[in-house]
Structure formats: structure tokens, C-alpha cells
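Order as written gives the chain letters A, B, C and D; numbering starts at 1 within each chain.
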Amino acid sequence: MSDSLVIANQTFRSRLIVGTGKYHDRGVMRDALEASGAEIVTVSIRRVEIGAPGHQGLLEEVMGKYHLLPNTAGAKTAEEAVRIARLGRALTGENWVKLEVIPDPLYLLPDPIETYHAAKILLQEGFIVLPYIGPDPVLATKLGAIGCATVMPLAAPIGSGWGVKTRALIEVFLRLRDQLPPIVIDAGLGLPSHAAEVMELGADAVLVNTAIAEAKDPVAMAAAFRMAVEAGRKAYLAGPMTARETASPSSPVVGVPLVQPEAPV
Amino acid sequence: MSDSLVIANQTFRSRLIVGTGKYHDRGVMRDALEASGAEIVTVSIRRVEIGAPGHQGLLEEVMGKYHLLPNTAGAKTAEEAVRIARLGRALTGENWVKLEVIPDPLYLLPDPIETYHAAKILLQEGFIVLPYIGPDPVLATKLGAIGCATVMPLAAPIGSGWGVKTRALIEVFLRLRDQLPPIVIDAGLGLPSHAAEVMELGADAVLVNTAIAEAKDPVAMAAAFRMAVEAGRKAYLAGPMTARETASPSSPVVGVPLVQPEAPV
Amino acid sequence: MSDSLVIANQTFRSRLIVGTGKYHDRGVMRDALEASGAEIVTVSIRRVEIGAPGHQGLLEEVMGKYHLLPNTAGAKTAEEAVRIARLGRALTGENWVKLEVIPDPLYLLPDPIETYHAAKILLQEGFIVLPYIGPDPVLATKLGAIGCATVMPLAAPIGSGWGVKTRALIEVFLRLRDQLPPIVIDAGLGLPSHAAEVMELGADAVLVNTAIAEAKDPVAMAAAFRMAVEAGRKAYLAGPMTARETASPSSPVVGVPLVQPEAPV
Amino acid sequence: MSDSLVIANQTFRSRLIVGTGKYHDRGVMRDALEASGAEIVTVSIRRVEIGAPGHQGLLEEVMGKYHLLPNTAGAKTAEEAVRIARLGRALTGENWVKLEVIPDPLYLLPDPIETYHAAKILLQEGFIVLPYIGPDPVLATKLGAIGCATVMPLAAPIGSGWGVKTRALIEVFLRLRDQLPPIVIDAGLGLPSHAAEVMELGADAVLVNTAIAEAKDPVAMAAAFRMAVEAGRKAYLAGPMTARETASPSSPVVGVPLVQPEAPV
């Protein structure tokens, strides 16, 4: 049985990638990561670098147990992103990088120009690049064409929990999947049903952080996302029913009145 | 650990109720019911009575293994529904009945007047009544007030697979839950994410038939719905994050420009 | 040129019906009614009866200038609705009545059982009955069959401004239009685009009150709704384009890559 | 009375910009442009250049009567767009250009990298640049910062008629409006209600082509869009009501049961 996620020639069973930010407690984070079933875990190298709350010793915590995905959160330009990526590689020995170039302090939306520029540089330096992008299938195709290992379009702004607000464009990604590397839906998923929805559409994986870390019970929520991602993937493979124009009666009824009219009073 | 569904003083672990219609193969149905984890299974007494395809020996198949929920599908009036309910009790010894009064051959929408009337009669005759209704919180409250064991509002027309098309009104049901018996979302759910969505909102259970029976692989789809219902329930109990107006930055940013403007060219 | 709305054999040019509640100022109400272009105006007989704020002299204000549509707001039962309807007829000489039977103090949702019962009584007493109902096509068909002059399903709870939250079921109403009297979308429309949307779908008219009365500038908002209703109707008659699966290129492109891949870096 | 649209220091009364493609008949196009009330009309210079059907003599038809907005449709790269823009200026004497760089033959989605590059070149050459873009607020801010006269995000793919499928991101544009030039919603609007919706949100203008040209009656549809755009703008200025969590009752009702329970039967 081999429904595996393959990124840059590495094979994963889990299609849920999780983050390590926003946890109030290291033990809770540890248990939530475990409950999520994730194999890939992303860490902010910038926050590790500056010793942000919850980030001391974080690399050591995660390395070895998970496939580490250093990210460039905090970078506002291609230059900063490249610097952080290199630092991440130096700290971890890992050449994968989740590329985030985010000049927008309010909605944390990525910069397509700087992201593309940084991706080119990082690819030339031998990184495995997983870029975070807007719901832009053309940018995704360009990033795939130069060799990015995935594309990671947002469902909604990071941390918003709004859900799948870019569905029409995500559907375009999925129709173009033979021109694209694995499609990982990143950012904005607030509930397990959001994750299931994009998996049912055919996304290859999802990345979730805030919705787990900020749940009242992060460990239970991590387990819920794990099940929802598996449910969505299983449904995609199981071949869903076709939605109908009308309801589904057991015999032909065209032209039949909806109800037998009573005589007018 | 006791997050149980209680209907008419009976306790269930599973919050997924499944149907037995539209299967092309008895063995597939048997495996799908098993994979769904359902404890309550509904059967059309009218189709059993007339020996409709797939319904010969169906009662014997289901009784004993599952809590049987005879339904009155095929009834267009209260009178017909009451007749079918009595027949179901005679055939099965079971006094639970899923009350469906459906005069509409196109969209299979229920008749609120006849449903209410039939519910009164059946309650007087000692039935445990689980009525299928439109997204009508007032009707639901009235049905609860006279003693119905659940209310079962539709998400969309039966068999349509459209998903949660009545969400605003289902949310009203859930805000009124202390005035209502258990709320089971019935009809129209086409994908596991639809089931997860209503469970996250706080529904007590869902009923799914067509989306499983008409999947290309019904057994896998049943398993997917099982996981999605559990994920949705778990998320509800885990206390989801609060969706935000803006994205979630790590420091206050009010008044900061979105990007640093370059000089105009 | 005769795209007229016909209700109970009376012909109207305007497809926007407006209410008279919630205005803070009689002069503003007068100007808003004028700006709306409405020919039919509904008034709460119960509020007139008890002299509620803004309702003294309201009948005199409206009668003569508009086709008066007394409503039974405040009725929680069929009995109360019938009493108020009779009072309305006595006060106004008008035998039209907008039938509202609303036991729900929070969401102002109508009671289908009591509404149907009251409609039967009022029709027998010679009233022209326009019932306010939930998004229930079966109830609508029954009310049409006994002789109601319109059906008035809600888009969302009264005064909520949520918009068209019952669209899937309103579409069912419209597909069944040859079995129904004129379909007037009532309640919950908060913006002109909401009104345009249901008119484009083929609704015969809309009723708007709160969205006009509670706008910062009710007179301008009334004019905006007038234009939007006309725009929606005109679009319905003009025959909208067909939405496409893909975008609309000028030449066939199947199998063409989305972008010409650059060489990997 | 001065609610004007100002683009590049020119003032317009109409907030509806229309296209000239896809008409089957020049006379119908002429009447539809007239009925739309538009002051700005966009023309494909590439189609004029190659003498595409319906484009012979089109410039002469439009110039003088309307503010001409040459567009670069057909350009797949920045280089091609710049060439077409220069040709447009040579043919028309007009230095405005609607910048479209579209490598995607299926969904006609724009290329953010090439668009940004072309905008820089065209601005340096003295063009007034109105770029067509994806729903990308960061790209928009960058284009505004270098001097573009508007930003024109898509509601959905060109010609799709899907409606406002990028609403969450369009709302971000509008919250950032003080950092942006006028926001013109371009592409994908299929119905007047779609146009009204974005105008109510605060968009400065909309651009519509296919939805008018492919209507069964383009002239009537043009008039419908005109009214809808005016209605949406008027509603925006009139200050809409606030949508409510519950419906709007006339007196406080917290804790009151939804309906008075009857005695259980």
C-alpha cells in the first residue's frame, strides 16, 4: 500500500506538516507534534537565532525526531531570506528551506517578486526550496519550472483561521497539477474540515500551525487535524459521488407536480 | 472518558449514522457499514416491504449487528408514514422510527405540516421519533417540545451531495441547543469535510448514505467519513482557535506601511 | 413594454416592497419610501394598535400614496395573527395581509404549522394572503395550492442583514416557479447586491426594511436598493452569460503548458 | 456633488469601465457601450494590429467618444507587453495602457514577475500604467509605490463569470486603500450583483467585458451593470446597516425560550 507523499525524492506517509510557533508550553508542543503524526516540522530560524520565547533549544528538540524544515519567517526581502536560509543550513545541516518573504506586517502576505528572486538564488546554492506563495498558479508554475520542490499557496492569511478563502484559485492549481511539484496548502486553515476540504480536492499536503497551537487543547486538535487530513486524502482516493442538480429520487419524476395540490379553500 | 451520544436514553459511541440504500452489492454494503463504525443503521421499511433491489433480506442482515432505525421513506403523507412506521415495528420489534414525509419527488424535501402531524400520532403510539426536517429551528423546537428524540435538519436535498447549504440556519439550531433534543444533520452531505464542518459547529451526529454508497470505493469512503466525524467532534471539544480580523503577527504593527515604498521610477 | 409584477390580479411596476419599521424620523421614512420607488408598503398593525414609537399616524401617512400591506408582526400564534389581520382590515379597508406568525424572539423565524393554519382561516375570510415563511419549498407549494397570493421565503433572519444565506433552497423555489405564486424574497437582505442577486436568479420581488431604515443615510440606501432591484431584474431578462469551467481564451489551448518552462537553474 | 473617480489626475463620473471584445456585431457593441454609461473603454491593440474579427476600425469607433484605454492582451512576456503598449501609443496618441501579461492560455491568469517588470519599463517611458494582477495585495502595493495609476485585481479568471471568488483578499486590498492607487476590480464578474458587491465593499471601479458582450441582450445587460455599479457605490456611501449576530427584535429577549413548549403528548 503506497499512497506516499514524495518531496525532493524523499517519501513521507503523513500529509500533515506542522509548525512550532505560538505554543505556550514546550511539553504541550511536544505532545501536539506527536499527536499530529507529522513527519515534517517547520522551525523559524530567525526566532531561534534571536532566542524568541519558546525557541530556545527548539532545534535540538525537533532534530532527529522529525524531518526538519527550517523556514525564513521574519525575512522581508530576498536578501534577508537568503541570509536566514544559509544560517538555517549552518545550524542544522539541513538543506531544505521553507521560503517565506513577507514584507506585510498586517496580513503576512508574501512578496511574489522577492520570493521568486530568492528561490532562484537558493536553488543555485543547492537548497531544496519549498516556497510560500499567494494563490497564484502562474507564479507556482514558474517556481516549479526552475526547480522548487513544492509550491505552498495560502488558503487565507497566516494565522487568520479564515479557512479556504482562495478555493477557486486552488482548484486551478489542482487542475494544473501535472505542471506543478507537490501542492501544499499553507496558511489560514483554522479547522480540521478546512484541511479535509483541500485534501479532498486533491492537494498533496497541508501545513498547519496556529490552528493547533492556539486551540484550547492543542494535543487533541493535532489529533483532529491528523484524522481530517487522512479522511480527506482517503476520500479523494475513494472517488466521491457526483453532486446532483436535483435530489436523488428512486424513479423518474420529470413533470410531476411537487405536491398534489389541495383544492383552494 | 465519556463523550457519548445519548438518544432516548440509549448511549452510543459513534456519531455517524448510516443508511442502506443505493448499494449495488450486499457485500460492499456490509463492509462499508463495518468501516463506518456506525452503531445506528437506517433501513427503508417501504423498500423492504416491496422487495426493492438490494432490500431482500436486508433487515436480517442488519438486525442484531446494529441498532436498527426503520425509516418511512416513500411516505408522502402523515397517514402513509404512520402506516409504514407501524409495519416497521411489526417487522423488527423496534419502536424507533426515522420519520420522513416527503411529497416532493424532485428535491425530496420534507413536508413540515404532515411531519409534525405524524410525529404527534407516533409519539402517542409509543414510538421513539427521529424526524427528518428542513432547516427550520421553530419546527425543530416544536418537535422537541412534544417529545421527539432528535431533530434531523437537512444540510441540502437528500442525495444531492451539495454540502452544508443551510449553514446559517444550522448555526441557529446549535445556538438553541439547550431547547432541543440531539441535532443530527441529515441529507446533502457529500464529502467527509462536510460532516466534519457540522460536527465542529457542535452538531451531535450526522447521517450519511448516498455519499458512501455512491462513492467509487464505498468502503474506503465509509472509513473516511468515520474519521472526519471523529475529527470534527474532537475539534469541537478541543476548543478551536479564534479566527482573526487580520493575520497574526508577532508584534504590534498598527500604522505600519504594508511595504516600504521604493522611490517612484 | 410590460415586465410587470402581478399579485392577486393587481399590477405593479416596482419589484421592491418596503417596510416602515425602525425609522428614527418620519420625514426620513417618507423620503426613503419615495426614493425606493416602491408601490407596496407594509405596516405593522400591532405596532399601530399599541402606538409604538414611529407608528402614530403611520397608516394615514401611507394610505392613498402606496398600496398598503398590513402585516401581522407580533403574532406568535395563528389565532393572534388572525386577530391582527382582522384589525388591519377594519382599520384600513384593505384585505391584503402579510402573514407573519413568529414565536421565536431571538431569530424571528416563522412557525410553519401556525402560518399554514392561519393562512387557511384568512383565505376563507376573503383575505389576500402573502405569507412569510422559511426557505421551505414544500410549505410554499402547499400555501400556493390553497390560494395564497405570494410566497415570501426568508433569505436570512429578519433584520440580520446576513444576505442570501438560503440560496440553494431559494434556487429550488425558482425551479418550481410554475407551481408557485409570485416569489418575494423577504428578510435578511442587508445590501443592494443581495437584492440584485435574488432578482438575477428569477425572484419576482424583494421586501426590504431594516437595511434601508438602519443605513446611515436611509434615503440614499433606498435609492440604491431601487437601482439594484431594477438591475437584477434587467439582468435576469437580458439573459446572463454562461459561467465557464476555464477562462475564456480566444483559441483552443487544450494540452498547452501553462507557461513555457525555463530551464531549471 | 462630487463623488468622482480620479485616475492619474483625470476625473470620471462613471465607475464602470468596459471592454470591446467578444461582440458579434459592431452596432450592438456601440449601443452597449452607450448603455453602460462608461467613459473609459479598453481595446486590445494586438487584435486591432492583426485585424481580428470585430476589431477593424475599432479604434476609430471608440476614439473621441470615450477615454481610450489600450490594453496589451496577447502579451505573454514583459517584452511583448512593452512592444504592444508602444504600438498602442503610436496608433492612438494615448499614453494610458492597461497592462496585461498573460502566459496562461487556460485561465488567463497574469504573470506577477513579468507584469512588475513591464510596469517599471512603461512608467519610465512615460506611460500611465493600469496593471491587471492577481488578488495579491503585496504586488499591488509595490506597483502603487513605483507609480502605477491603478491596481486591477481579478475577481476570478477572465471571462469565467464566476463572480467574486477572491473576496477575502479583495477585502485586504480595501483595508489597505490608503497605501494604494484606485482599486479597479477586473475580470470574472459575471452578473450585476457581483459588481454591486465589490462596489459596496469600497472598490473604486470595476471593469466588465464578457458578461456584457456575451449576454443574450448585451445592451440591456450593459444598462443593468451601469445601475448595479451606481447602486453599489451609493450603498457604500450611504453607510450600510451592521449585520447582526441574532435577528433584530423590538425588545430584549435574552433567556426567553424560543417557543412556549406544549406539554409532551
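Here, contacts are C-beta pairs under 8 Å (C-beta built on N, C-alpha and C of every residue); 3 or more make two chains touch, one makes a residue touch a chain.
This is a predicted model, so every value here is computed, not measured.
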Tell me which chain's centre, taken as the mean of its C-alpha atoms, is farthest from subunit A. C
Compare the two sides of the subunit B and subunit C interface and say whether they are made mostly of the same residue numbers, over half shared, or of different ones. same
Cα superposition of subunit A onto its copy subunit D, rotation angle rounded to the nearest 5 degrees, comes out at 180
From the mean C-alpha coordinate of subunit A to that of subunit B, what's the distance rounded to whole Å? 30
In angstrom, rounded to a whole number, how far apart do the mean CA points of subunit B and subunit D lie? 43
Residues of subunit B that touch at least two other chains are 103-104, 106-107, 109, 111, 137-138, 141-142, 157, 162, 176, 258-259
Per the contact definition, I'd like the list of subunit A residues that touch subunit D in the complex. 103-104, 106-107, 109-113, 116, 134-139, 141-142, 156-157, 162, 165-169, 172, 175-176
Enumerate the contact residues on subunit A facing subunit B in the complex. 22, 52, 76, 103-109, 111, 157-163, 190-194, 196-197, 200, 210-211, 214-218, 220-221, 223-228, 230-232, 234-235, 237-244, 246-250, 253, 256, 258-260
